[in-house]
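Paired with chain B in one complex and with chain C in the other, chain A is shared by the two complexes that follow.
And then the complex of A and B:
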């Protein structure tokens, strides 16, 4: 029983970083229509920046905020210099993002090196409750993710900015006629999604090492989470992340462990066959003029 | 007119001297194919580092004297981008366009085998540090008309390395545990190399009396906690993190936090990395390197080698020691060329390599190729004192004389 409960606890923390990257992807595609395959590399850059700052003596939580801002700025530059020219040709943007991901990987190798980077556990505590080991930093990662999810959810569903965004997704032309600066909103969404990737990278490196190639692995799970929940749906990304986390945790614990990745992707395929719009329904991207 | 004639004569004399100098320092083209980008870059860069160091040392010492000529090594380094298709294209270019005499590389079994299909017919020697080549290096393949006649495996056979590693790990850990260890779990990445290597290691542990469970994880796993929790439920005496040093460095700290086992073995993790990362465990931890550790070497030659290797700018990584699977063979090859007296007689060079030995850095005992073109040398296993990051006790274990029961060698 202890082992089963331990697996459930593991599943929550497995899900957290995936949820963060999933939210970034779901917002950027669902609301801005950009398929950014370099989003995983944005997370990696956030992790590498955190490693560098913590190595230079900075407090982890300060580094986490700065990593988010840095990657947000990177997102701003990428959107302004690259992706805004492909808004009407999403396939061009997709191919461009693959190129960007390779460039970012090798830029990091050039600046640092190819070896994996890690930091000392910022908290370094393990709580044992009823025979279940709860690693304190993992609990913090879950809590930070929960706060970000709440802010994002209410920002999208309740604020004027969120309403304008949703209007832009429903009908871009009408939204523009109503005075909504759609282009600026797209930039804003891209920056926010990138910022979340930076924070995700910082949280990730607090749990396990990352390499310049971490992003290309995590991006697959990010897209899986977004699709399972429904693209453009923040709640869907949370549900998708939890589903994948549970499938990962329980299949690793009780199934054939070497197939762990396959189980979660099979679940994704099944969900997309049975509910093409995702579990909670998504936007299927903005309707371009 | 006389002045013009004198000028022409001086120019001709100068040209003749230049030609003579050029003839005295002829070029020996050698290819290196390694991952300088892509996911194998960590191992690939070590091949390039070793090649640069060896070529520099041989050239600085005057080059290779073959017959009445002196050759300086000219390296042609190609990045295979961790892609088998790029590897094949690079091998074709080096063999057909540049005309290299030998190629060093590459990192993995399938890439090396693909290269051998190009180097073999062209009679270009190939030195590859993959223990898994043992699966294809047999009597027929290495015969004079065989497709691997010109291929040499610069790492011991896997049953040898597994045998010496298992013995070393158990001999270091047994005195540290309350009772002799009986149950081991081997934790390994589920890729072609992991499957091949672990099949030998499991048998080596069983030959030492261990009950062994094999748990495989998907390659590129970063969160190992669900799998480690499963292993914890198996109540092992030792968890052996096998094969991939980078994955091990990710999984091991998670295992410590979850208290998975009373002792651990980390394959491919150098004590130098353990120290640099300030890793600490309250239980005994052993580790081994491929092939000799840079962080705690028992041999002065190895220490000197790594000082020079890192002095050339190579990064200190968990796989830096892999460079030693490639370094010595430059000198051995040069020695064979000098003995043969020709650089264009690859069959004679192969024959010379097979009958000669070479005392290099990687082993205090001279290296010898067996009839299947494979070398044999010992494995270094170290143990770190609990609650420290830098107090190591190391032992050098010789390989067993024969494969364990159930292991058909290879």
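And then the complex of A and C:
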């Protein structure tokens, strides 16, 4: 039982990173209408930046914030220089994002190298609660994710900015007529999603080592999470992330670990075929194709 | 050179009563283009064929010929992808896995039953076509982007299944096969003969692509691409046509996969994973899927560019990504569209000088 609880806590921290990337994708894909395949690379860049800054003697939590800002700036640049021109042709944007992901991946290899990087546990505490050992850093990861989820959820569903954003998704022209600067909102969503990817990367490297190729693995899980929950649906991304994280974490402990990656793929294909709008419902993605 | 333009011109000139679906095809044809004379097309085709056939005799060396073979069998797979994306507008980023289905089917038939190249080829191609169709089933229900993600998932799943497949699929190390069963008097162990084998298959693929492009079937596909709802409303069976083109694309992929298998003699799961699939998608975008020679151009550029520039793998991939971004931003139709525009501009210029009608690019 103790082992089960420990597995559960560990799975929860893994799920947190998945949720962060899933929320980023669900917002960018579902609300801004951009299929950004380089989102996983954004996360990887965030992790690498954190590794570099911590290696240079910086406090982990300062590095986390800086990594988030750095990747947010990266997202801003990508949106302004690349995706802005393909808003009406999402397919071209998608292909371009593949190119961007190849560039980022190999640029990181060129700057550092292709070996895996890790940092020592920045907190280094272990709490024992009722006979269960909980690594403090993992709890912090879960807490940070919970705060971000709450902010995002209320921002999208309650604030007037979130309302304007949802209005511009459901009817772009009318929203523009009502004076909503739709383009600026697209940029804003893209930057916010990228920022989350940067923070996710920083949190990820505090849990496990990452390589320049981590992004291309995690991106699939991100898409799985956002599609399972329903595009543009923050709550859905949380549910999707939890389902996927728990399945993964528990299968690593109890099932067939060599098939771990296959589970998320099978779940995603089934959801896409049977319920394209996701479990909790969402937008069907960009309308123009 | 573009196969989309002339077909529309021919239909327009056809004297018999134009039916609704032909009218739709007319509506949807690329009407901004200047129809190219078939004479130019024929000359281009002959020049290209002569160049490709003469290639092994130019004394360019073993390495050059090896890359040429890789380019050609990749191009065969790309023609399938070009058909489904260029004609029907269905993009896939798991196409390498479809090639892998063909390659692995052939390799497993060879290892388990001892079938050779020629006998396993039809089975491998058929299996690839069927798998292509089955993966395509969801695309009838969900939109294009969802289909792309499904193909990517399929690709990742395929690699996991192969890696965990034990001795049947050879796990991570893969499978080995013998050489191509020699035809009377032709031994395919010789590199130039292997080249001609792949080249013959490429000519087949080119011919098939051209014929599909000018046929009623091709026009219907383009109509679906341009406006699916309109196509459906004039009575075109959209689902059947989409599945059909995906299966044809699978046939091409199977052929390419078997050729790849018998050229390399050894296959492993990583050859058919996410990266090769993305590369195929990039090549077809780079070359221009709507043009007859687009996929070939894409394959040549991508396979020979690192060699010509003498880049190490990391730099070549960065260069590749940058090229891709530039092509999408500046030439959304691919290099093929660029060449056509230049050609049309030059031709238009000549006609203006001669006092002819304006040929706009």
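FYI, the second predicted complex is superposed on the first by the 278 of 289 C-alpha atoms of A that agree within 3 Å, B and C clash if a C-alpha of one lies under 4 Å from a C-alpha of the other, contacts with A are read in each partner's own complex, and residues count from 1 in each chain.
Throughout what follows, contacts are C-beta pairs under 8 Å (C-beta built on N, C-alpha and C of every residue); 3 or more make two chains touch, one makes a residue touch a chain.
Note that the structure is a prediction, hence the values are computed from the model and not measured.
When the shared chain is aligned, chain B comes close enough to touch A:248, but chain C does not. Look at A:227: by the touch rule set out above, it reaches chain C but stays clear of chain B. Look at A:43: by the touch rule set out above, it reaches neither chain B nor chain C. Shared-chain residue A:19: touches no atom of chain B or chain C. Contacts of A:214 after superposition on the shared chain: chain B is touched, whereas chain C is not. Contacts of A:6 after superposition on the shared chain: chain B is touched, whereas chain C is not.
Of the two partner chains placed by the overlay, only chain C lies in contact with A:100; chain B stays clear of it. In the overlay built on the shared chain, the residue A:118 is in contact with chain B alone; chain C does not reach it. Residue contacts after overlaying the shared chain place A:261 against chain B and chain C alike. Chain A uses residues 106, 109, 258-259, 261-262 to touch chain B in one structure and chain C in the other. On the chain A side of its complex with chain C, the touching residues are 35, 82, 85-86, 89-92, 94-96, 98-103, 105-107, 109-110, 216, 220, 223, 227, 258-259, 261-262, 265-266, 268-269, 272-273, 276, 284-286, 289. The touching residues of chain B, counted against chain A in their complex, run 37, 39, 41-42, 45, 190, 215-218, 220-227, 229-230, 232-233, 246, 249-250, 253-254, 257-259, 277-278, 315, 317-318. Residues 91, 93, 137-138, 141-146, 148-150, 152-154, 156-157, 160-161, 163-164, 274, 278, 281-282, 285, 314-315, 317-318, 320-322, 324-325, 328-329, 332 of chain C touch chain A in their complex.
Taken in their complex, chain A has these residues touching chain B: 3, 6-7, 10-11, 13-14, 106, 109, 113-116, 118, 120-121, 126, 133, 135, 204, 207-211, 213-214, 217-218, 248-254, 257-262.
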